[in-house]
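Have a look at these structures, which come just after this line.
Paired with subunit B in one complex and with subunit C in the other, subunit A is shared by the two complexes that follow.
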Partner chain A sequence: MLAAIELSWYPSLAELGWFAPELALVGTIVVILVAPLILGRSGLRSARIAFAGALVTLLLSVRLVEQVGGGGISGLAPESAAGMLILDKLTILFKIILMLFLTGVTALWVLGSSEKEENGEEFFVLMIGSALGMALMTSTLNLLMMAVAIEAASLPSYAIAGFDKRNRKSAEASVKYVIFGGVSVAIMLYGISLLYGMYHTLNVAIIAQGVANDLAAGQNTVLISMSLFCVLGGIAFKIAAVPFHFWCPDVFEGAKIEVTAWLSVASKAAALVLLLRLVDAFNIGAMVAGHSILTYNGLAWGLGVLAAISCTWGNFAAYRQSNVKRLLAYSSIAHAGYMMMLATIFTLPGTTTSGKPMAALMIYLIVYAVMNLGVFTVAAIVSWQTKSEDIGAFSGLGRRAPWLAVPMVCCLVSLVGLPPFGGFIAKYWLLLALGSKMAETSLAPLSWILIIVVVINTLISLFFYFRIIRTMFLSDDQLPALSPPFLGTAMANLCAVLLLLFGVVLINEPKELADRYTGDMYKPTVVLTSKDVPINAPGDMQVARSVDESDAMQIPALGGAQ
Partner chain B sequence: MLTIGLMHYLVLSAAIFCCGIFVMITKRNAIGILIGVELVLNSVNVNFIAFDRYSQQPGFDGQITALFVIVLAAAEAAVAVAICMNLYKNINTIDVDRGDALHG
Partner chain C sequence: MIAPKQLVRSIALLTTIATFVLSLWLIGPFLGAGSADAAGMIDIFGSSYGEKLHFVQRADWITSKNFTIEYFVGVDGLNMPLMVLTSFVGLLACLASWNFESWKVNKGIKGYFALFLLLETGMLGTFVALDFFLFYIFWEIMLLPMYFLIGVWGGARKEYAAIKFFLFTLAGSVLMLVGLVAMFFYSSEAVTRYASLATSYRPDVGVLTTGTFDLIELATNQAIQTYFNATDTYFLAKGLQFAPLMFMFLFVGFAVKLPAFPVHTWLPDAHVEAPTPISMILAGVLLKMGGYGFLRLCYPIFPAGGHHWAYCLACIGVISILYGALCAMAQTDFKKLVAYSSISHMGYVLLGVAVMTDAGVQGAMFQMIAHGISSPMCFFLVGVIYDRAHHREINRFGGLWLSMPKYGTMATIGFFASLGLPGMCGFIGELWVLLGVFAARDTFTWAVPMAILAASGVILTAGYILWLIQRVYLGPSKPEHAKFPEVTGREMLILVPLAALCVLFGILPKHLLFDFTNGTLDLIVKTMAAAPERFGSLAAGL
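This part shows the complex of A and B:
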């Protein structure tokens, strides 16, 4: 609905305030770029600026939590372009997790920076650039914005994957990443162009209605399935769900370990939130168009099967790995699979997204970020000090560096999903959400299949995570003791303590927490399409604030806009 | 007399798309694959502009999106070519089959 944008429209100061976290990220990039011109190049200073920028962004995001109501707002765009940039508690929560993780990765870079050449400026500009793209990915319901945000997150990621320029593995990893990424984004854009052709808009809320109408009437089924497959394929590439996962282990192995840590959490989480948001918008579109039957049965089964295959494949493939970064890559594929299962719940008609599914999503994201940060911190210190990324380098770590081995055990047990750590709570809430929401609908078989898959996969993952623990404590190749830096040890132990805290505290009732901090997802203001479909919306839905055609045509002349 | 309509553009775009996919699948040279990606992106642009031109509704979303896609393609090409050059410096070829240090 870009035609309806009045040219005299400017964001108000309050609206810019909603966008402040992203603006702070942009400002950080500028400061990092300008500082070397005045003060000379220094990687450590760039790291400090990045750290400060992340903290400022974090504070600005936290400030927004109280301002945004349960349903979220669509700010920074005139009403006619609603959904272009949206702000709800889920977005804010994601930004908070992202920024906390960014500070962790920055600290990790500082720990390893003694061995690197001094080009921290470029590294942090790219890193924060991708963080900006990810923040935008989670806050849009417009397909154009979605494509731009995915590219904004991807392009810097391709570059930092190959940041270690003289390393052959790193060079190959970035080539693989950029080729797979380029292909999947191109195909995704083709899918978007087909959707645009069918519905003449890029607003997902309107497309969702059209799709629901067409599917119910049996029209365009092939074309719709194909274009949705293209779009979902592009997102699944970012999540690294299984048929689209080929880049993941190679990139994770070739990239520097702090980049691996960044990609394993940030890019996956962003794509996951985007996926959930799209699925939710499609669900609402179907409801507003008056199709309360399961319009997206196929979508639910498709996502569910994709998720189940992802976690099974990830866990089986991880079993054979000897490189710790590859092992963690497959582990992250498996965890992405668990999180994708939540997407199947969001396809259920009439699901209010707050409550259990949101609680499960929130807890899984937080816990996953913390346990991955802990594992990668320990793995990074071990690989820097032994110059080896093989699991053999962990041999006898319980004796060589007990203050690294103990938090590593906590994080690994949490990754398996055993009590008393946060990973257990995350899985518990995932299963609870799957069981309670889906079991009463016609998707009950799917929900039971997914629950069984989660339980079996937890058992499989036990073997390869415990292989590391066994290497650390039960075998000893008489390797020399490590001298871990204090900051790294503190970070790893902090992660372990946090996981223990989550495991104890969150078991109670995170639903209230979720209601308070994630609220409901942004509900698009639904504009009914021209075919005058019957309005059959549930009570709390905002319906039919349609763009007035006469307003749309009155675009003020250029120049006279003010 | 033949009048050019939406269908002609769509057939053109589908043909370019198929060429792009074919190039991506058959080429082993990294730059070749990137050319395939560019072909697909151009078919996307043809689609957007044709749909926009023949749409009955007011609006120019399609044309604006085509502009964005052109910019995205340029940015991606810049990054991808730099990465390919880096690969060439390391292994003296940009044949993707020869990059076998990673066994994925």
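This part shows the complex of A and C:
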């Protein structure tokens, strides 16, 4: 295993170019750390550097799209997945969304914390560090890299969750997060070690074939289910799917609101993309090994049940909350549940439905990021100005700050998933993706059940989202008017307008974008991989190499030592 | 936001007037739109459902590899009168909002009229949309303005009423969303399986090759119809037939809106708390969407489902009629009484549709329009007296006719129309429905008892309305009511057209309504009637 790599390897400049967005993030971290040594400490400057760093990363990612070109540098076929990192359009799209969201969260920090916060440098170093981890999470199918990326995303998150040092709740949140996170990752590593022990590789694509063979033969089923459960449990912790969600409300409540906004979207998004990628790899593994994708029937039902419980539980639990951040925590659990349903769609490469779940996920993520940014912006401004995170602080907001209340309504209605806002369209594409496998598999009842679960949950969620709307418009405790900052108001209104656009005119565009960026997941042409694939695949599991060697641009794994 | 406060009312009024005039403008071309044939006859309805649509606008809205969602609007005999009714009631409700400044909650006038106009947009859009997706969007767009209009400007329990309205309607429409997704995938399956049958009603499309959201296409394409209504097309699990299940998914949404027993409970609350103009719109227009939905979506697309559930729906209709009337009789709140009478009246719509005969469906349609005229009038009459007395307790009124003679006259016309007095609009609809139920007696075992029960609803209606008139308008004048000012010019401006229409529709039902609607309705009934013979098992061959 270890001997497989030529140790004399150095990446060339061109090869490093593939890694440019991540390098830009690392560079931003360095600049933020070095700048105070020369120019003195200033939180605001760090924020600016972080903002600029995010934009540079964004531009570099966009530039990569053209370089990835026709087929993309994709890693889903078994032979390509052997590498440590995958670069395909999906990861690029994810980085673009992540960076846009990072700029939004940075702006939120500038609004609320730049004056009080003394440790802006450290904050942004950790923030960007976690962003780096999330970017890596979405671009790997190697179990080791997956664990490392999850840790890279989690460790800074633990720290920023407890960043409000003077707040007991913040410290509590951080400790809870660390303990839950540590245990989850340990369980996941145990699952990984079991898989490695069975199949002698960390490459998910090869493991998937082995698993398919074993399941078809009826061997090792207990061991396989247990190890898969452990691995998925680690991911479910990041997604905060029920029953791995217990950290979520406490952390969201304790952390500063911009951190809550960040965690509610970014870390869940990364984990969901990773989950869908894994599931797809398992499908393809089954196909390559010559089995029906129904080999994984149990996996689909398991994920489906988990997702259904998540969204139902999240929506019911949210109803009892009086703290806005806790309420939004449960709301994010519910939305993660909706998105997780997409992981139950097993598709075959080359069929009309291939890529659909991932495309639907990306659309949902885009809209979800906008909705949450808008909601958190308003919630943040209200809680800063009233020094209260209780729903009561919203009382009469329609009169006190109409320019905050109206976009808040748009975002909340969109979170419910009603037209004419983007939330409905996102949900609609999600339902279409769920329904689309109807003709193909015997899993159709599962997807129709999930569709019904989604629509019923829409109804349940109406209760608590409308509690905020009701407080804003239908009750008035005669609280004094707010003086919202211009930037914050502008941001909230921008989010609302975007949601309206997504819901009425820009319906196709996100779909086309997502299709374009996820359609190539299944057509590996260029491979970012180590030079010797497959590594030590057991003899009975030799992989048919369908990609022409001369076409494949072989690039050594970055930082990989197998 | 831009307009100064005092202008807001005028702008809203001008807008609603313009909408109304424009909708009237369409009537002429609608009637003459068909080309005269050799005999000089003008055929505005065509020979099959969906053949003749007027004022059609189509534009691709969402295009994907597998389907196109269109901005597709148009009118035929089914939605043309409803559209005119909507703009008419909208105009009157806008006039009824004119005294906004004297309301208990009189702040936020701009918000009020903005939401009001948004609501009217949603209503008109729902009636004219012929693409299921577009229909659904408009359907849901109405919810939010209605929520705020009740929740902000409503009475004492406005929050409860507003969220209850929202929840009930949304509960119905989420199942519709499942139907929307399912119908798309099943239609796309249908056209691939039965490509030879999949000729579209649109010449420019030819043979349909993809799934569709086009309501006319779903109802007329033979491939889709065959697959949807076959007895062995299943949904979710083997044994659950597609057509009856989908029919129910759609039906629940419309039944909530109608509202039919047992999902009617939101209506009395919403009406009691809503301000007068919103009650007028709620009763006059929103309830009609339920009936419209049956006739546009449920029955033409899933005739097999209609046959499957016929008894069930007719029973619900009869129960609604009787239960609504009995509840109305027990009320002491004036507005609640009118609200329950709406439930009773809309029960006739459901009954008429459920028996699927010509007369039944025509009567249902007439009843919708008649109720759309009489119920806003009743609600406005309640509003007029509430503005003066600031309470709605029936038993505390009495002798109002003496202090307000003009108002008393108008009230009598309005409530008699609602009662279904011969010569007034309410009569024709109920009579036609009853005739339709009798006409179905050959195929419908329980038709006669049902008709008798429904007819007894008329007696109950007469009971509570006459008793109401006696308690409120007749008798000796009470001193606390003696000084009530007579209805103002603005109030007369609203009442007189409604009163005139109540009478005119009773006298000239054919010219005012049946000529507009019956052509299309007959085509729909023809499609439904043929259903049992047309559709069987797919396995048995086509």
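Keep in mind that, in the parts below, the second predicted complex is superposed on the first by the 483 of 562 C-alpha atoms of A that agree within 3 Å, B and C clash if a C-alpha of one lies under 4 Å from a C-alpha of the other, contacts with A are read in each partner's own complex, and residues count from 1 in each chain.
What we mean here is this: contacts are C-beta pairs under 8 Å (C-beta built on N, C-alpha and C of every residue); 3 or more make two chains touch, one makes a residue touch a chain.
No experiment lies behind these values; they were computed from the predicted model shown.
Clash-free side-by-side placement of subunit B and subunit C is the outcome of superposition onto subunit A. Shared-chain residue A:365: touches no atom of subunit B or subunit C. Partner contacting the larger number of subunit A residues, of subunit B and subunit C: B.
In the superposition on chain A, A:176 contacts subunit B only, with no contact to subunit C. Judged by the touch definition given at the top, the superposed model places A:49 against neither subunit B nor subunit C.
When both complexes are overlaid on chain A, the residue A:151 reaches subunit B alone and has no touch with subunit C. Looking at the shared chain after the overlay, A:249 reaches subunit B, while subunit C stays out of its contact range.
By the document's definition of touching, of the two partners only subunit C reaches A:413; subunit B does not.
Of the two partner chains, neither subunit B nor subunit C is touched by A:328. In the superposition on chain A, contact of A:424 is made with subunit C only, not with subunit B.
Taking the two complexes aligned on chain A, the least Cα distance separating subunit B from subunit C is 29 Å. Taken together, the two structures place no residue of subunit A in contact with subunit B in one case and with subunit C in the other. Put simply, subunit A touches subunit B in their complex at residues 1-4, 144, 147-148, 151, 155, 158-159, 162, 165-169, 171-176, 178-179, 182-183, 185-187, 189-190, 192-194, 196-197, 200-202, 246-247, 249-250, 253-254, 530, 549, 552-553. Against subunit A, in their complex, subunit B makes its touches with residues 10, 13, 17, 20, 24, 30, 33-34, 36-37, 40-41, 43-44, 47-48, 51, 55, 57-62, 64-65, 68-69, 72, 75-76, 79-80, 82-84, 86-87, 89-91, 94, 96, 99, 101-102, 104.
If you check the complex, the residues on subunit C that touch subunit A are 61-66, 107-108, 136-137, 140-141, 143-144, 147-148, 151-152, 158-159, 162-163, 166-167, 170-171, 174-175, 177-178, 181-182, 184-185, 189, 235-237.
On the subunit A side of its complex with subunit C, the touching residues are 352, 398-399, 409, 413, 418-420, 424, 428, 431-432, 434-436, 438-439, 445, 448-449, 451-452, 455-456, 458-459, 462-463, 466, 470, 473-475, 507-508, 511.
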